[in-house]
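Shared between the two complexes below is chain A, which has chain B as its partner in the first and chain C in the second.
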Partner chain A sequence: MSAFDLIAGVLLIASALAAVTLKNAVHAGLALVGNFLVLATVYFALEAQFLGWIQIIVYAGAVMVLFLFVIMLLFDAKADVGAGRMPWMRPIAAALAAVFFLALAYAFSGVGPVHPLAEIKLAGGLPGPLGQLLYGPWLYVVLLIAVLLFAATVAAVVLVQPGVRGARKKPQVLERERELEEVDR
Partner chain B sequence: MTTLWILFLTALAATFVGFFAPARTAKVFTLLGLVAALVSLALGWGEPLSAYGGLYVLDPFAQGFTLVMIVGGLLALLADCDYFQRKGWPPFEYYALVAFAVLGGHVMASTAHLGVIVVGLELLSIPLYALAASRRDEASYEASLKYFLLGAVAAAVFLYGIALYFGATGGFVLGAAGSGPIYAAAVMLLLAGLAFKTALVPFHWWTPDVYQGSPAPVTLFMATAVKAAAFAAFARVLAAVGLEGPVFYALAALVLLTVFWGNLTAMVQGEAKRMLAYSSVAHAGYIAIALFGPDPAPAMGYYLLAYALSTGLAFAVLTQLDDGRGVRLGELAGLWGRSPLLGLGWTVALFSLAGLPPLVGFWGKYLVFLEAARGGQYLLVALALFAAVIAAYYYLKLLGAALFAKAEKAEKIVLSGSTPVGIALATLLVVLLGVLPGLGFGLFTAANAIVR
Partner chain C sequence: MQATTEYINILIYLGIAAGIGVVMLVLGALLGPRKPSPTKLMPYESGNDPAGEVHRLPVHFYVVAMLFIIFDVEVAFLWPYAVNAGKLGIAGFWAVTAFTLIVLAGFVYEWKKGVMKWD
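What follows is the complex of A and B.
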């Protein structure tokens, strides 16, 4: 284990813990950005350079910025408003996380890599050799992901567009209707 | 290949045609596309087909499950006629989202590659998250949010399972030889992710809330097409892994928990959609029991078809009664008098779901239990049969609420548009396939070998 491994591991765990425990959602989001940046350096070290850059561009650059937009749009930075309905859940959640971690740690114990890394020509994980794979054996998956992104765009647009398309009702009318519904129940 | 392309072009056409034409036209396009996909499926029936370097495998197994998904999609579109108009919905995108979900299910069913399965799973799920919220009220939003959060977690579990599977076997294609604790962990994570989609207890917690909160036609689609897609992937993973040791006991525990929890909790519900949600949980248990047999695919496929027709019919009837707040049992009263077609459909659907002969649901149950018995799991079959008898209680309660209770409302229900066609067709098929079971089962006999 080199010094890089040690520092990267500590930083990864610390930033992930910060992301789940910090009370301020903006702080948590920024901790997650830090986590993604460290993760990208780990990818570089594992000879997955293109993936590392994509990780920075898409996750840290696009996804997390959308997250921060949403948090700030909704003024939701203070995350623990109204929390504490079930305080006894916290230790249980922590215990379950520990059990899951221990089970996986056991699964990984004594397992070496299936293919020794030195045998495979990773070529630094640059886009050149990666493109041969993406537009070769993985072409079907790439096409499907294009369809998936299109469907997700349609779904996201449908999800946020206002529902009623007819004439808009006045607030007083809506209020009266709601009262009538209450009486109905 | 043609089926895949037809489904894709249908979704694309339904997305864009709505820009130029009213929503009704988009609906007609989607219906025609689904029928065309059905025809192309029928033309190549029984002949395995493989494309894209083996990533797309349309074997008889995939054909059978795709048939069920298309039937579910057709029923959902036929039955929704007035439901959304009452609320000022749907925009034309509704039909495109249904078509994309069917495409996703088809992709998921017709591959043995884990990477393709997960993309298909997302292509199936993401439109459904939007569809679940499409009624624009609190119950609908809550259903969508729960479905999305739990679905995302399940997808993460499944993805982590894929990563471990790659770590243990060095490949993404199901059926690679593997062993050791890391392989076992991978299999457990894969099965847990898929058990969520198939709604097996204890991964079913989203089902009642989502089925109740979602708009009724969307619930119809979830209960039929989504279940078929999820079980297709579930069966492929299990067939590749083999049913030995811990996997065997895990599946047996899942099945027993599912049939008993689903049926017992359904008994105490007071709302028809929620009752049918728990009933669908229980039915997932019956489908999974076929996996203990030596040759589960035909029985599973036939059961899914039987279940899709019966539960699709039941939800199609509820679609006509639901005003967005669910259907209390009292609201079912006098159904026969208010609309004889709905009354007939409701009666036939419930008898079929309860598994009474001579309806299609009986043959479905008979085949899955026979399959498990051929695998030598007599105790499991006996317990599941016992649970099926418990289930008769709440099906008869639902039926009694419609038949014998005094009507709260007396006005007639007028069915419009394509709704009577859908309900009549489903009723006819449930009865016809019940009287002539060979007609339906003949479709699935070719699916005996699941491609690994």
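What follows is the complex of A and C.
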């Protein structure tokens, strides 16, 4: 284990713990951004360079920005969701997390590195060799992802359009909207 | 492993850049005059008193971010093709065209729905 492994591991676990424990949702989201950045450096170290950059561009740059948009859009930074409700859940959740961690540690205890890095030609995980796979043997998966992205676009548009045909609003929603309109006036 | 060692240069660069930034912030904090008063700490609204809370924000920001993710992922898939365009030949070209057209169909849909209009 090198110094990099140790530092990256500690940073990854610390930022992940911060993301699940911090009460302020904006702080938790930023902790997750930090986690993604450290994870990208781990990808670089494992010779998955393209994946590392995509991790930074798509996850840290696009997905987490959407998350932070939504948190701030809803003024929900200090929501502390379900804080007073079911306080006995917290120790149970912590215990289950510990059990899951121990099970994983047990499962991996006897296993060494399955494919030692020295034995496979990774070519640095650059987009060049990856493209030969993506638009070769993995083409059908890539086209399915295109369909998935199309469906995601349509869903994103439909789910936020208030005036979609056939979408009937619940009475509570209509009442809340009327209240908000009066507040605006 | 030479790829990995090149990234150490980026880490050093990030460290130096962060160091210079911190030095500038610390200098600004130490050297400026500091007389906080309730009036100075009030949010600035063109000299008026703050107008209270906003109850909702337009959903446009969410839609733009959502569409940005989708087309960002599309670019992530186009990049490995772009560096391989010659090697993949005509079959690769039709493959990437099919991929792009399917994702573009979603773009046409949201264009026709008028989601990108800001009014």
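The rule is simple: the second predicted complex is superposed on the first by the 160 of 185 C-alpha atoms of A that agree within 3 Å, B and C clash if a C-alpha of one lies under 4 Å from a C-alpha of the other, contacts with A are read in each partner's own complex, and residues count from 1 in each chain.
Criterion: a contact is a pair of C-beta atoms (placed from the backbone, for glycine too) under 8 Å apart; a residue touches a chain by one contact, two chains touch by 3 or more.
Only a predicted model underlies this, so the values are computations on that prediction, with no experimental measurement involved.
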item	value
Joint occupancy of chain A by chain B and chain C, clash or fit	fit
Touched partner set for A:Gln55, first chain B, second chain C, both or neither	neither
Touched partner set for A:Phe44, first chain B, second chain C, both or neither	second
Partner contacting more residues of chain A (chain B vs chain C)	C
Which of chain B and chain C A:Leu139 touches, first, second, both or neither	both
Chain B versus chain C as contact partner of A:Ala107, first or second or both or neither	first
Partner chain in contact with A:Val157 - chain B first, chain C second, else both or neither	both
Touching partner for A:Leu73 - first (chain B), second (chain C), both, neither	second
Which superposed partner A:Val147 touches (first chain B, second chain C, both, neither)	both
Contacts of A:Asn35 with chain B and chain C, given as first, second, both or neither	neither
Partner chain in contact with A:Leu130 - chain B first, chain C second, else both or neither	second
Distance of closest approach, chain C and chain B, by C-alpha atoms in Å	7
Chain A residues contacted in one complex by chain B, in the other by chain C	139, 145, 147, 150-152, 154, 156-157, 161
Residues of chain A that touch chain C when the two form their complex	41, 44-45, 47, 49-50, 54, 57-58, 61-63, 65-66, 69-70, 72-73, 124, 127-128, 130-132, 134-136, 139, 142-143, 145-147, 149-154, 156-157, 160-161, 180, 183-184
Contact footprint of chain A on chain B as seen in their complex	8, 11, 15, 51-53, 55-56, 87-89, 91, 93-94, 96-97, 100, 103-104, 107, 113, 115-116, 119-120, 122-123, 126-127, 129-130, 133-134, 136, 144, 164, 167-170, 180-182, 184-185, 325
For the chain A and chain B complex, residues of the former touching the latter	103-104, 106-109, 111, 113-115, 137-141, 144-145, 147-148, 150-152, 154-159, 161, 163-166, 185
Complex contacts: residues of chain C adjacent to chain A	1, 3-4, 7, 11, 55-57, 59, 61-63, 65-70, 72-74, 76-77, 79-81, 83-84, 87-88, 92, 95-96, 98-100, 102-103, 105-107, 109-110, 113, 115
